[in-house]
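Quick one: the structure is below, and I'll ask about it shortly.
Chain nomenclature is as follows: A, B, C and D, assigned in order of appearance, with residue numbering initiated at 1 for each chain independently.
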Amino acid sequence: MELLIKNGFVYDPLNGVKGEKMDIAIRDGKIVDKVNERKARKIDACWMVVMAGGVDIHSHIAGSKVNAGRLLRPEDHFKDFEGKTPVTRSGVGHSIPSTFTTGYRYARMGYTTVMDPAMPPLEAKHTHEEFNDIPIIDKASYPLLGDWWFVLEYLKEGRIEECARYVAWMITSTKGYAIKIVNPGGLEAWGFGHNVRSLDDQVPFFCVTPREIIRGLCKVNRLLNLPHTIHVHTNNLGRPGNYLTALETMKSVEDLATDDNPVIHITHCQFCAFKGDDWRTLESGAEEIANYVNSHSHVTLDMGQVIFTDTTTMTADGPFQYTLHELSGNKWVNHDVETETSAGIVPFRYRRKSYANAIQWSIGLELALLIEDPWRIFLTTDHPNGGPFTSYPKIITWLMSKKAREKALKRINARARSRSLLPSIDRELSLYEVAVVTRAGQAKALGLKNKGHLGVGADADIAIYNLNPEKTDPSRKFKAVRRAFKQAAYTIKGGKIVVKGGEVLEHVVGSTMWLDVHSSEPARITDEMKRRFKEYWTVEYENYPVTENYIEVSNPITVKARV
Amino acid sequence: MKENAKLKVTLVTGRTIDQGVGKERGKASKEYAESVSVCYLDPDDLRRLGIKENTNVLVSTEHGTIVVKALKSLRAPHPNIIFIPYGPWANAVADPETNSIGMPSFKGIPAEIEPAADKLVLSLKELLKTQFGGRLTSQ
Amino acid sequence: MIKLSPLKEFTYPIVAECINPNIFDSKTSKEIWKLKIWEGNKQKALGELFKIEENKAEGQNETATITVHGEVSKVRRIGTGMKDGEIVIFGNVGMHLGEEMKGGKIVVHGNVEGWAGSMMKGGLIEIHGNASDYLGAPYWGCSEGMHGGKIIVYGNVGNEAGAYMHNGIIKVYGSAGQFVGLRMHGGTIFVQKDCEERTGACMKDGKIVINGYLESVLPTFSIEGIKEKVKIEETETAEGPFYLFFGDLTENGNGKLYVSKAKNPHLSSYEKLL
Amino acid sequence: MKVKNGCAMCESKFSGYNDEHRVLKPLIRKNGNLVKASMKEAVEKAAKILAEANYPILYGWSSTSCEATRVGLELTEEVGGVIDNTAVVCHGPSLLSVQELGIPSCTLGQIRHRADLIIYWGSDPWSAHPRHIERYTAFSDGRFERSMWRGYLNKVKALIGRKKVESALRRLSLKKETEGSSASKSKVCPTISKVGRKLIVIDVRRTKTAEMADYFIQVEPNKDYELLQAFRTLIRDQEIDVDEVAGVPIEYLEEVADAMVRCSFGALFFGLGLTMSKGKLRNIDAALSLMRDLNMCTKFIIMPMRGHFNVTGANTVSTWQSGYPYAVDFSLGYPRYNPGETTVVDILLRKESDAALVVASDPVASFPRKAVEHLVENPLVVIDPHMNATAQMADVVFPSAFVGIEAEGTAYRMDHVPLPLKRVVAAPSGVLQDEEILWRILSKVRKIKKTEKTEEL
């Protein structure tokens, strides 16, 4: 089936296309240089913006934790529902939409690739089962490895290569995509209700420090040639003064970088850019972090922007979630996973008039605007922690329009307004830069060769927005921009038109990407290993791996490791 | 202790290992029927009813009556508490009140128990027939 | 005034949010006839299930904007979110009556199913029969119950009346089930007759007055004193004497639980602690 | 065939999976009798029943695979029915209070490795979950905590110990003695002095599990709520005006409360003893609040003892597709959830449904009589490996393959760990698995609806 998108203003940063009027040709789900004009189905994109389908590097959309959140919050769903149509399944929102609705809502915004950032290896099957029920978008997930007993034990003994082999085994058998590290050491400590406070605290019973874990896994990541860097949720997340921990974390792997490729991704950075001693004296540490990032090339980050709404916070950071529960008094779910990780869930409402929340809102935008290189900071809300992903269009307008920011500033807590750096920032992102922070940059950081761009050979995942860059000035007409990004005029997935004018036309099944890591001498599953399995876990070794039949549309990516 | 003394008791229904085993073997199986058409009593209560183990008793609540076989409880002492495993027999006398949360009241139901040596314990088929009418097959 | 009467005896649940003065308002009877309503899994027009008559309001319900005549105990969500106007129902009515009601008045000459006045914010619900469970209580998982308004029940109420109540008043002239005023944060609940156990469980604040027999007071309430009378609302006080308990200790609450002294001799053992 | 490391139930499941009661062909009721029918005929009849219904209920799901439940949800959405699973008559109330308070929990291995205090409340794992104690709790060996099995043996051997326990129990159970403050105060209350893992059981009867316990508290029926609240007060060092709660003198409660606060990782398992006795969801409510309080001073987790092997899976799949764990009403074209309104037992008691599909469950045996009466008055379709009581009352019966023996699939353990179910033997020819049967019914329903539409036009 051939498709031709005509006369759109194309923004394709990875190929240096900056809004030129051109046609995009599609055949069999891939982008090609030309198709037969007469035969091909045509889409008139005249006076519209054409971009690659959106890519989300960090959004909790599936798995045991997300589902526990769904179960926890009927009051979040019961007023936000989507009825069944001839092509779509029914479902509910709001902050933790059911699987089908998640797929449709991303597609309506022109997003076609989403990474779920926290998969407990033991419960990996759950994540993949849910992926099968998330339509349209392509997905992948990062297994949580930072507190896995194997890792802690090998790193303690400094046996990086064995560690790498077992990590390789784990990524492949959980069908994962990257190494996720959450509050390294802290989660193991949380097993007995404790936590770690600095990069050099000892993890109880394991005589290894967060610093050693981060560095160790960073080396492992390079030994394995993984497409993405280590994906780090820092220690002390969500506590005032933690911007120092964030800086420490970035510094800790400075020396491991070669030819200024990134070696670490600091995720939802807003939550670890807090200055001050407590919530009253909370201030923005965005400037310090931005300065560091601007002068170092080995780091990428994403925003974790906060939205003023009722949402559901969920991370693998058990201790942090417990603190939030004590702080807010809201209901709390905790789920520790044997020998691997933990998880916590707490509903939370970010309030304009709350000083701390308003500061948090400001920090996210400050980071995005103060970090000069858009290829290093990406647009996320750490869905649903900062707010539901459906609020991305709002954030885009704040990034593109000082006027929009000022409008929002007027309504927030006065003290926070006076402390905010935003009034002093004039920068407004261009559509080109928006294309970077919402797709191109994220695809590059993830090492996704066929995503985030419109070059020949790329997957035909395309978003067309009803926005005329020659007529509308985003800085003044920000409402028009929001409308455009909220409802893509067309979303094309794998060469099929799946959304038109915000309406889902087809329920296609997206693929699940995972890494098939080949190491020269793979981790041998000896009887010794099986014995350890029996000791560490309560499931048989045979039942542990996620077999490929769990994945409806499997897209394995082969990686040659250096061990 | 005079014969056919009536006792006011609290009825508790629940799982037993036998019922579990019976259930898995197949609800139509004899094991199952036998494992759930019984009633465990405190030895003192048996004495007060003036009956021995394996005598049939009539259990009645405001929701129905059922004949089951009395057994001595190994979990004594629990005076005035009788125990019937989950199953059609227990449900013949269980309290359907859900208090608007969907869950009937299976435990702590006020009940009366009396000896009924002359009455028989119904088989599953007979029980279903008597309770839910002629829909039952003969096959 | 619009008069509705069911055209048949309903077996399947009927969801009729449209029966609401604010929706009927400024609609011709033809438009009202067309209003969407669900019977089981089939969508119907209001007029297919109800006889709709437009006539002068007279007699006891002259202020009424809508009257419903007949058995409508399967009909749910009547008056959901209504802001003003008055609904009078002659017959038993279904669940979620006046859910999230903001103003106006609903009068029922019959019994009411669960969740009447759920999450109510204002207005008045008057029930001349019995009310089932969860009177004024919130939706599952939500901790915002009644925030205002007034519910008067002349019959009995089921379990968990006024759960998570924050403000407003509930008056029950019959008796009440378990967990009256569960986790309430404020407001007033008055029960004229008897009350099952666990009254005021986990209450943080607010006032519960039991004028009849109370099976037992939770061990997590502590006796505070004996009061001669207690104020129910501006115009009304209940004559005691009452035992006054404070609780619930488990939530460091300072809710007040008044229990009639005369009707509850079994609580006299508390007096030695005074 | 031989069964390795399975419990008594599991063994009988295996040995019983093809006994004489096994039906191998679909059955259809014709003039009062169930007679053999072709798969096609049965599917058509079932589809017709569901497609024409105004308010059908689709019930069961807890003893089949998640894959089957997935199809079940799609089918329910298609026919605009209500889908409910057996959680409704087992741990439904637990889910409801979790939705109000949340729940601190973990996977079972975490307990094996770390728990030094284990409490069973209103649950008798020895009877309901035979391998639970030895695999995951008191009698299991973990990284930081060892099994208390040996200690238990010694205790049993040492008659003195036993005497002590029994005398304690006698004192607790014979109310007369414990009534009145002076009497109970005068008695010496047994202490929990033991080091290492401790096992405490709280129940209305001295269950088998209770006999293994280091400490047993016998609570009056329907008084669990008061007992839990009392514990909460004691843990906060607050005064209680009364001398005994739920028939138990305060000293005994203080002893347990101390043990709770002193432990470094506590685990509380609760069963139907809590969810079914008076107070229902509010008993769980109190238990969860107790966890809140305890986690302020130590690490404590709580876990319901789920019954059917995949009830957790049924809740999980339902939640990710519809947002709600059970009692989901699709009659308006989107998921609605309101236990008490959309729960099967209530619907049956209010006589609202007009057809039912029952999958891998036996409501006729497990629902109260009044509910069953309405269930069997209307068209009834059953999919089950067994010819159970419900099947005997049905209009259409599909014998299906045993999941985990003759059919593959996924099940979720009570701690939400997904486990693959393997296929060890082939199903008898003609016997399909639940998933497949449901698919055929669904596609037939779609055909029927299409023709209806075209007729309308």
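Structure notes:
In this section, a residue touches a chain if its C-beta (ideal position, glycine included) is under 8 Å from a C-beta of that chain, and two chains touch if they have at least 3 such contacts.
Keep in mind that what you see is a predicted model, and the values were worked out from it rather than measured.
Closest to the middle of the protein, by Cα centroid, lies chain D.
Chain pairs C-D and A-D differ in how many C-beta pairs are in contact, and the one with more is A-D. We define each chain's centre as the mean of its Cα atoms; on that basis chain C and chain D are separated by 33 Å. Separating the centre of chain A from that of chain B, both taken as means of CA atoms, is a distance of 57 Å.
For this pair, chain A with chain D, the centres built from the Cα atoms lie 36 Å apart.
In terms of their C-alpha centroids, the spacing between chain A and chain C amounts to 46 Å.
Contact of a single residue of chain D with at least two other chains is seen at positions 96, 99-100, 278, 330, 332, 337, 339-341.
Touching two or more other chains at once are residues 114, 133-134, 139-141, 178 of chain C. Across the assembly, chain A contributes 72-74, 78, 331 as residues in contact with two or more other chains. Taken as a contact graph, with one node per protein chain and an edge wherever two chains touch, the assembly fits none of the named shapes, being neither a line, a ring, a star nor a complete graph. Every pair of chains in contact is given here: A-C, A-D, B-C, B-D, C-D. Against chain B, in their complex, chain C makes its touches with residues 114, 132-134, 158-159, 177-178. On the chain B side of its complex with chain D, the touching residues are 10, 12, 14-17, 20-29, 31, 63-64, 73, 75-79, 81, 83, 86-88, 91-92, 94-96, 98-108, 124-125, 128, 131-139. Against chain D, in their complex, chain C makes its touches with residues 11-13, 15, 38-42, 74, 76, 95, 114-115, 133-134, 139-141, 143, 178-179, 182, 198, 201-202, 218-223, 248-250, 252, 270, 273.
Residues of chain D that touch chain C in their complex: 53-55, 79-81, 96, 99-100, 225-226, 229-230, 232-233, 236, 238-242, 245, 278-279, 282, 285, 289, 293, 330-332, 337-341, 350-352, 354. Residue ranges of chain A in contact with chain D, taken from their complex: 62, 64, 67-68, 70-74, 77-78, 81-84, 89-92, 96-100, 122-123, 125-126, 129-130, 133, 191-193, 205, 322, 325-326, 331-339, 342, 345-346, 535-539, 543, 547, 550.
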